[in-house]
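Here chain A shows up in two complexes: once beside chain B, once beside chain C.
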Partner chain A sequence: MSSSSSPMQSTGRKLKLKSKDDETFEVEEAVAVKSQIFKYMVEDGVSNGPIPLPNVNGKTLARVLQWCQKHADPTITEDELNKYDAGFIDVDQAVLYDLLMAANYLNIEELLKLACMRVADMIKGKSPDEIRRTFNIKNDFTPEEEEEVRKENAWALGP
Partner chain B sequence: MRKERKEISQDDDRSPPADLRGADSAESSNKTRNCSGVGSVSGSTGPSSMEFQAPCPDQVLENVLENVLQFLSSRRDRNAASLVCKSWWRVEALTRSELYIGNCYSVSPRRATNRFSRVRSVSIKGRPRFADFNLMPIDWGAHFAPWVTAMASAYPWLEKVYLKRMSITDDDLALLAESFPSFKELVIVCCDGFSTSGLALIASDCRQLKVLDLIESEVTDDDVDWIACFPESGATCLESLIFDCVECPLNFDALERLVARSPSLKKLRLNCYVSIGQLCRLIVRAPQLTHLGTGSYSSPDDVVPGEHASDLQSALASCKSLVCLSGFKEMLPDYLPAIYPVCANLTSLNFSYANIHADQIISVIFHCHKLQVFWVLDSIRDEGLQAVASTCKDLRELRVFPFDARGDTEGPVSDVGLRAISEGCRKLRSILYFCQHMTNEAVIAMSRNCPDLEVFRLCIIALHSPDHVTGKPMDEGFGAIVMNCKKLTRLAVSGLLTDRAFGYIGKYGKLLRTLSVAFAGDSDMGLKYVLEGCPRLQKLEIRDSPFGDAALHSGLHHYYNMRFLWMSSCRLSPKGCQEIVRALPRLVVEVIKDEVAEGPDNTVNILYMYRSLEGPRDDAPKFVTILQ
Partner chain C sequence: MNSRGDGFFPDEVILQILARLPVKSLFMCKTVCKLWYRLSADKYFVQLYNDLSVKNLMVLVEVSEASDSKSRLICVDNLSGVSEFSLDFLKDRVKIRASCNGLLCCSSIPDKGVYYVCNPMTREFRLLPRSRERPVTRFYPDGEATLVGLACCSSSQKFNVVLAGYHRSFGHRSDGTFICLVFDSELNRWRKFVSFQDDHFTHMKRNQVVFVNGSLHWLTGSSCILVLDLHYDIWRKMSLPGEVSYGSGNRIYLLESDGCLSVIQISDAWLNIWVLKDYEREEWHLADRVSLRCVRGLVPGIFPISQTGEYVFLATHKQVLVYQRKKRVWKVMYSVNNSSALPLWFSAHAFRSTIFSCY
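What follows is the complex of A and B.
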């Protein structure tokens, strides 16, 4: 995806963004285009005035932009980036959800992937009940349905 | 990932609950669900761009669930995820790309393909293992046909198929070759029913083929030059070509050309129709090989014995990446030194076809410091095993096969060899050891010295053989194994064993999944101890042991948790087996008649039973009676 960042050709133009709690951010185009949404806007030339983002709060947007900045940096090595990502995503569940939502909404592929992998890591090794508790999910199977799935998993797909 | 999202929405009728938003859809239908999960789509008067109701936490996850579940690869995790709630079940089913069926009769192809719609890799296992030892008539079943037929329409993007102990026909292979344009890997283990004609179709039609591995399978010689059927021009994608079990003459020139144009080829295992001279020519073309099966390792046309030796040696030496060596099907000892230069890097060596002297094997072993996997014939003798013990400190897996499986010889390997291995190879995880006699002491020593053992299979060939020093049963030895080896999951027992041994297994074998019993035990209590004591037991295979109906009944609480139970030449009656069916109606209970091993009329020859979601199979041959 990332042919978007060629800072040598940076126009120095900035995008103005406004979070849902009215915080404004200025970010270089080269960084902002990590988000497909902004990329299209820049390409279509509709980037005048602050872009309202009613779905992302200031705190999260700051985080996301920081991530974009890091990932747009040409001098950073892959190792450094991996290390950065590992630290970046090591956050509590509420923050993780905010990041997930923002990455999805702003269509930032690699950030979405990073966040999703983290969520997957939180699922691994858990029983169904533990997963439900971790993510506050209601079990909407009837006991009979659940038993059928359990049986199918164990009898047909078991280790 | 973006590209895949587009694929998802196009291919699938059952639209996933997770709405994967791309820039285009951000402006259109936003599913404004409230947190109680009641769905409602906002319809045509959608809000203006970028505005919608912030989803609550449950929703966030649901929106990206497909992306998240894609990162789950283990079956256990996927099975757990599918039980969380209905939407997770749906999304897990959409994202499962590897389907593993441990018993082809436990579920129907239709049910499997209905649930999982985007599978790229399928593994199916069929016959029970004891069928390998001619304990069951052929044509019992485990046909690949219904599976390949179902997959041909359900999984057009299928890439990998792994089959173990299945019956495969040439028609099946033909259907496979024509149905899956992205097909990349075919691995066939312990299967039969097909011929070189079938292989020819795979070779010619699967243009993306990377892996064609034929392992321990019976292939009929149809006189078809299947090697020549690979596309003649351009480089192939081949990474692995294993056909050492295909006992049919081949077109060497075609093989040589194939290897020459397969730059990615890493694994090549030849059959016995390849001579040493030909082997040299092949290796020279493929110095990048990591795994080599040397074919016959013989040279019938030698004018001077060993005339190819230096050619072979330099050819092998040019394979800098070689880590696994096998073959040696008709090994000429003159050529043994040729492998010395590559031994230092070997992690895996299979000498189980090489009937050579112990000192010849030892001369090789002394070079193999990195060896982790070693398969050998018992002609290695105890001295050879001592050499292994002193050199191969990294050994993880050892298999010692009998050259002469009759029970009346002295036996070249014994407790001495076993003890030596236990003392030298402390990292041992898996052992299969055939011998004529054993002592408890040596087995106990191994249980103490090798705490990482996961697989312990001791096959004392002489039936009912006691500890040959003390004359006592082998109970204590096996008892020590289950007691001390905390990671043990697979056990095969033999020798003179009383119920006491089974008592130990039931008491300590808490992680045991697979147990093989042959010619052992005193009474029903033995089997009872195991069935009551081993909660993780999945696969139980028993032959020629004095377990009857009462023992069989003691497992009723557990049979639905097991993949299968096999009991042959035991003391079961048809009535006893019938009661199992009555108690556990979803178990398929097969009583198999084996002409050769027929016992008295009111005993059951072979009992093979397994849980199934589908009920009795409809392809059972005449000699199988499914009790109902």
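What follows is the complex of A and C.
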């Protein structure tokens, strides 16, 4: 996508990242650029000093970087990657939430898709009530509004 | 963990999640809270949902038992297998004539000349007004249109239905006049134009109509592609890839592949997939050569129905198979046990699940 003159190969350069709880991470450029945010920073040469990430905690950042590392590995096969992803995303809801928010904030498209698919899988087959409970969502329809919407979608909601 | 009132995540993230749900689950989500209701109705979301659905290929097949005259519909999905499919919500006995972007165009069996456009996933349907042509005397030979096409434009959410066929005035013989009726969903009206053609179409060729680049495409009996440009109501011809030729055991089929026109050529031992990479310049590209050794016994009776860059769905007399291109693996997705009245390939259509509206 980028047509910048400097190639994205491993120049051996590393990026320093600082999580919101002050944990620092050093990561190779080739791995970090899985995130569009870092990709643009590297392209624009704005990567001196540790990059502060006030929206991501250390634990989550560690996980995300591990994912990026795996996905930046040229020797890994597609099958191995799929297996890895399946295991990676099989986490509890709190961790999943953090991964989702981090992938969105850091603009890591593949990881975002993976996490969204997992959340979608958690929603499939649940009733609206169950969905609300799983995600702690308040039902803000008035009883009349809810009846309207239910009628509209009656065929999907079933008997 | 949750500091926002209704949602858990930023809006774009919610959209990405909702876009990955099967239609039924999506409709469940509409009733969860106001934000989800509003987001799922957003025009951008509808297009996002439909764009993602391209990856999930499906095939609709009409299965008719030899024992009784009733037939049923099944949907074969690469991810979730086989499921029963129903068009009962139309409250009419219908035959599927064309499929495009999640909408189906069906004709009524008892009432000739009555057409529906429906989205079987959302159960929305639209009974098309009758065209003012009196079909029985206009279309020749059976009073039915030879070609039926459905063109659904995902960006504008508008569609066209095309009924085309040879014309014969009452009491006279056919004179080569080709009538084309086009229904415009926005104007809710039919328009008609006439041309002169001399093409013939087999059953399979009539069924396999492809909508890409604003035009409908059919394969004619004589090695070329008939194109109807819906912007200008003009028919034109397009050539097949130079290396593709009919005759001596070569069978040719027209399909779509990820938004591009594609031709599949089947010989005794090979299945070649051609894709039209450059539409304007008519440049074809040989995308794949598949050995048919594994399915040699089926080759004479195997017909490709739909495909993406990763899978090809094929139907035989009694089976629906999928070929995974990367892994080079064949899999039987569905089989009928009894001998059915009609082969499965006879009424099989490419399909995908979208929330395209027909209103």
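Definition applied: the second predicted complex is superposed on the first by the 145 of 159 C-alpha atoms of A that agree within 3 Å, B and C clash if a C-alpha of one lies under 4 Å from a C-alpha of the other, contacts with A are read in each partner's own complex, and residues count from 1 in each chain.
Note that a contact is a pair of C-beta atoms (placed from the backbone, for glycine too) under 8 Å apart; a residue touches a chain by one contact, two chains touch by 3 or more.
Bear in mind that the values here come from a model prediction, so they are computed numbers and not experimental data.
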{"item": "Fit or clash - chain C, chain B, common chain A", "value": "clash"}
{"item": "Which superposed partner A:104 touches (first chain B, second chain C, both, neither)", "value": "both"}
{"item": "First, second, both or neither for A:119, with chain B first and chain C second", "value": "both"}
{"item": "Chain B versus chain C as contact partner of A:40, first or second or both or neither", "value": "first"}
{"item": "Which of chain B and chain C A:53 touches, first, second, both or neither", "value": "first"}
{"item": "Which superposed partner A:155 touches (first chain B, second chain C, both, neither)", "value": "both"}
{"item": "Touching partner for A:139 - first (chain B), second (chain C), both, neither", "value": "both"}
{"item": "Partner chain(s) touched by A:131 [first = chain B, second = chain C, both, neither]", "value": "both"}
{"item": "Region of chain B that runs into chain C when the structures are aligned on their shared chain, from 239-247, 581-589 or 617-625", "value": "239-247"}
{"item": "Residues of chain A at both interfaces, chain B in one complex, chain C in the other", "value": "94, 97, 100-101, 104, 112-113, 116-117, 119-120, 123-128, 131-132, 135-141, 145-146, 149-150, 152-153, 155-157"}
{"item": "Touch list for chain C against partner chain A, complex", "value": "1-2, 5-10, 12-13, 16-25, 27-34, 36-37, 89, 123, 326"}
{"item": "Chain B contact footprint on chain A (complex, rising order)", "value": "1, 20, 36-37, 40, 51-55, 94, 97, 100-101, 104-105, 107, 109, 112-113, 115-117, 119-121, 123-128, 131-132, 135-141, 145-146, 149-159"}
{"item": "Chain C partner contacts - residues on chain A that touch it in the complex", "value": "78, 94, 97, 100-101, 104, 112-113, 116-117, 119-120, 123-128, 131-132, 135-141, 145-146, 149-150, 152-153, 155-157"}
{"item": "Interface residues, chain B side, partner chain A - complex", "value": "1-2, 21-23, 26, 37, 50-52, 54-55, 57-58, 60-61, 63-64, 67-72, 74-77, 79-86, 88-89, 99-102, 106-107, 111-112, 115, 538, 560-561, 563, 611-613"}
